[in-house]
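Listed after this line are the structures, all set down as structure tokens.
Consider the two complexes below, in which chain A is the common component and chain B and chain C are the respective partners.
This part shows the complex of A and B:
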């Protein structure tokens, strides 16, 4: 691989760190003025870098590339690497962080300096999760993301924010104990924690010394990652954290952090390490369907915009895991595409909740109403995002859900496929209720003079909606690419 | 003697973990969590994992506890009434029994399947010096450690440097 491409890869780990340094070396008054622009540069730069690496890899006919130029390889293996899936994740991270910074312009106030510092640390943590090739390093970068997220949630130092952040930190600490326990068992069996070494040690897993030990290890690690991603029944902290965080933080947290800190790691485990282990897939499928159904049912009863989105995330994350649990290429691709789609439409919805909160001062849906005429961009982008979430064609969410349900059908679990399909009706139900309460009907008293929030928030909503519609319409091209790579 | 200390620390660990989950006071919970980590650090030390014990002691007992207690000190005093405290106790009353039942079930499964913990793999028993392992095979983790320290520093700035709002 050319050194130039290695330099592009350095953008993922170097640029955020550089921005933290610049931000803190500048005079505070200057930093306050330009810090959000610096954050935008990091987000957009990451998206561009991901596209450049993707095009280069595709042109070279390579599936992955090791990041070795700046690291000592005496141990015989690269510690950072990218493949198509990690590039997709890196692009999603860049996209959501960009949306977060655009939202922060009108919502974060005088906390922008600290917001930028912490967002860059979270960006580094998530990039590390996407790039590492070692389970222990994965754990280290998970911790970075967790600690920085706690501080971000408590950024306003309000009681609810600190309580929400505290819950996140405590649950994160419990998850850590589970993950470390599981990794210790895996290390005992394989003698290494590099993905490739563990995968080859487990390739004939039924003939390893003690298969039961590996199942216990998987169960421990799965519980840990499930807590971090807020999958039912490990979701207790998630709605409180999303609701109490400042608007821009909710965008980053709900849009990508929980997915990278839990779901991505689970996809790596099932796609790269525990490949073809039926019991593992069955456990995951059970967890996924519970999350899909209960998350959707719980969302129906919520009365706060952000809490509805939080429970919706729990349900949609279940779909991603359901795809991964099928153990087939089509299921894994469906999961990866839903990962991307969820990052897009859920970020749109969190940006919209920020717009509503900025314009009206509340996210309680019972205090809202008739905002469609006052905030047309927010209203329309909300409809597009929720239709995509519910899996309505031809929007992006339809295709990824279709692939996932097809993959489940192929495994012979017809009941679970039906249940996943049926849960989409619940998704439509809670979003219709949300749309009706917030945007439709006549304006409630006190909101007659509400106006659309312009600037970065509006731009984010529009761009993300275009991606949702465009990705749905151009989906055949995505399928052709996947086919050309021999993935399906 | 070593076995006795390890078993004692294991019992203490479970006890402190239970109290961390069941105590109504968040401050006492945080202290219990720190004590649990300290017991774990002793176990790690007795089993020969000196560096792991050191990290456990410095990160979990030190840094995490400081962050927890800082967060608690920034929240408003808990003024919930007696009924809430009683409700909290009732909610967690079953926890020790569930833990004991799970422990007994686990031991039964382990005994019936002839379960044992294998020896660590080659990488773990290699006689490489600690600094060699750290600098040559765990470079990514060093970057991670630097970032965690940076996040900790920003946490202190965000939570303490600017005046208290509550």
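This part shows the complex of A and C:
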């Protein structure tokens, strides 16, 4: 590994910490002025770093690279590893955090100092989740992310936010307890918590001393991460938290945080640890399809812009997990790509909701209407994002959904594949309702003077929409790359 | 002569394999377009172009008739679908017949359509029909045949729309019935090609009628007799008689459709397939013929309009041809073909006389006109010759061909013979009525038409009538002339010319004719009017109610189909409503209810969320046990 690459890798863990330090060492008045710019630097820097690492890995022909930062590699206890999937996740994190800071410029008010600090800690936590190679470190970073999130939801220190944050806290605590318990049982069997050690110890799991204990461990870990990712029926906290959080926080929280804390972890578990453990896959598939269908159904009658997006997230997370649960390379790749697509289009939609909230002061869709003429950029980017979510070709969401449904079909679960396809109709249904209520028709009373938001919000909508369309159009290139890596 | 044209064609086209056969199709089609391009006002220029096309076609047809050989092949696409034409004894005779009638009716049309609207379109469709008919007869490939056959349906529809532009119900009816027949033909072509393994007619030869062959034979046969206007594809013809321009009736239902339908029927039964006498298929074809003869002539008997009456006869007479061919005996086939050519002559002539009457008096309704014989003597003579022919009076041509068909029917089964004789009786009776009512008796004209205005038709209309009437007589007296062309078609060594050989059958026929005359005299004495001479049959106890139903179109296959389709559409509509209800009401309410229920569950209480989580854990634990 070249020295240059090691320096670049330092960005992922070092840059957030550095910015937190700078932010707090500066005089408060100066910090208030530049903190959002610092956050933007962190987000953009992370995207650039992810691309640089990707290019150099690709040039070197390596699939992954191990490195350590605060721990000594030779001690063996903890280390980091970067592969293509974690790079994809890191890029998504950078993208969403950037979008979050762009949105924060107009929405966060005088909480920007605290917002920056917390967002940087969340960024650190999420990067950790993406990079770690052992289960206990994973738990540590989960907690870092979680704690910062609770506070961030309640950033405005008013009723709804505190309540939402509290619910997240309670449920997260339960999840943490389960995860930790499950890890303990796994540790009893494997004697190590490194992904590779656990995987080899579990490879023949039915012949270990106490298979029942392992089943309990699987169930506990699975339930823990399910709560964290908010899939049905562990989703209760998620709509409340998303809805009550400030606009910029919703963007980061809905766009990436729950995905990293829950979904990414589950993808790592199924891809790296529980390889070949059919039990986990089958349970996951059932949970996923329940989430897909019920999440979409529940979204149909919601009346709040952000709440619709929250239920939509539950449904889309279901798709990602469905791909992961197939146990095949194509399913896992579909899940990863849908992970990326979801980060793109769901962030777009949260940014749009922030734009609507900024322009009109509300996110109740029944009070809105006819905004398409007043806010053309928001309207169009919202349509593109929702078409991508519903899986309409040639947008990005179509391809990843296609791969996932193909993978399910290959496993022989035709009914589930059909149901996953069918649920796209519900997706279209709730988004059409959203579009019709908010953007189509003629402007309702009191909204005649609404103006398009400018600056960061608008910029991030445009850029994210371009990514959605561009990724969809260039998708064959992505497939060619995946094929050149020998993954499918 | 044909070689000369071929050389000319090669010279024009640079020797690309195109020859005279190609021009048989292309020339009328190109001139058809030209007739509508020529300005609307120049009736003379358009008519000259129109007649020139018909004459050119006649010259080419004569050239083909002399050579009797030639073929051409242009590869269109793969799958053997080539533009292939070939001419032999049979098709050269048919093409010549088409050309002669096209010229005769063409001359008549020019005179008839003078000062009428839309004559240009009529010319155009007329020539296109000629082109399509030539193409269908000369085609050497089943798909090419089908192409031109469908083209005929298009021009048919076009001609009917001219007459009834505001409410083209008749055109729709013709389109539906012909469309069904053509679809059957298409299915038949597919089945035949599948059995033969090729679309080229050279490979479709003497196939056995078994397995797929039954489907192929029956469907193609239905397409052919449907074009000829046999039952149950007939019911548009009487309706068309009322709305379409009269030359249309003379050229299409009376002439071209008979020629083409019977041509294809003969091709199917003895060339593509091998139908043997006494086989099931033979009986089926004969039965279609016999039923068509009797039912159509029964309807003709009671008509009060010349054109409608003639059009029912056009249906009835095709039954004789189908019956003759259906026997599969040489005498029957030759009789059927001979009857076809005779029928075309006298029926064309009859329609033309009806056209004269219409031109002069403005109507063809027998209740409004009578006693025209003194005013229009030449028309009356032509009518009488043609009527004698169709009734089978010796020595007119219809007598000889009918005797041949009777002969074949006698050998094939008494039922068919009786049907044929019954048809002859009713034909004679209805023409006695028609002639008596229209041309004899006291003079009676529609209101507003003065006797001094009604005069003989113009020469251009009399000429075709006269030629056709003369032809009826010549083909009867010198029947060796047409039969020497027809007989080689089915093979060497047949000679049915001269006086019919079975004295018994001739005697029976003569008795039947005398009975018809007796019946007419009885009816006339009873009512005192020529028009009501058959009322004792029309209003006979049982027949009255049947006729009533028939007049109300209860038996019209088209109306039956339409009722069935309406019922089907109603059922489909109901199913569609039900499906719609499932989507629009049931699903929406179900999903909406489910969604609202879930909204209520998510009430913001963290205790409840925790309870769900624990339920979920229990669920997963159960699943673990289940899967392990």
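The criterion applied here is as follows: the second predicted complex is superposed on the first by the 481 of 488 C-alpha atoms of A that agree within 3 Å, B and C clash if a C-alpha of one lies under 4 Å from a C-alpha of the other, contacts with A are read in each partner's own complex, and residues count from 1 in each chain.
Here is the rule we go by: a residue touches a chain if its C-beta (ideal position, glycine included) is under 8 Å from a C-beta of that chain, and two chains touch if they have at least 3 such contacts.
A quick note: this is a predicted structure, and the numbers were derived from the prediction, not measured.
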First (chain B), second (chain C), both or neither touched by A:27: neither
First, second, both or neither for A:166, with chain B first and chain C second: both
First (chain B), second (chain C), both or neither touched by A:121: first
First, second, both or neither for A:223, with chain B first and chain C second: second
Which partner, chain B or chain C, touches more chain A residues: B
Partner chain in contact with A:426 - chain B first, chain C second, else both or neither: second
Chain B versus chain C as contact partner of A:451, first or second or both or neither: neither
Intersection of chain A interface sets (partners chain B, chain C): 163, 166, 170
Sites on chain B touched by chain A in the complex: 26, 33, 64, 67-68, 71-72, 74-76, 113, 115-124, 135-141, 143-145, 147-148, 150-152, 154-155, 157-159, 162, 164-166
Touching residues on chain C, where the partner in the complex is chain A: 591-592, 594-596, 598-599, 602, 604, 606, 608-610, 612-613, 615-617, 619-621, 623-624, 627-628
Chain A - residues contacting chain C, complex: 163, 166-167, 170-171, 174, 178, 211, 215-216, 218-219, 222-223, 226-227, 233-234, 236-237, 239-240, 278-279, 282-283, 286-287, 294, 297-302, 426, 429
Residue numbers on chain A that touch chain B, as the complex places them: 13, 20, 71-72, 74-75, 79-80, 114, 117-118, 121, 124-125, 128, 132, 134, 136-137, 140-141, 143-144, 147-148, 150-151, 154-159, 162-163, 165-166, 169-170, 173, 187-192, 209-210, 212-213
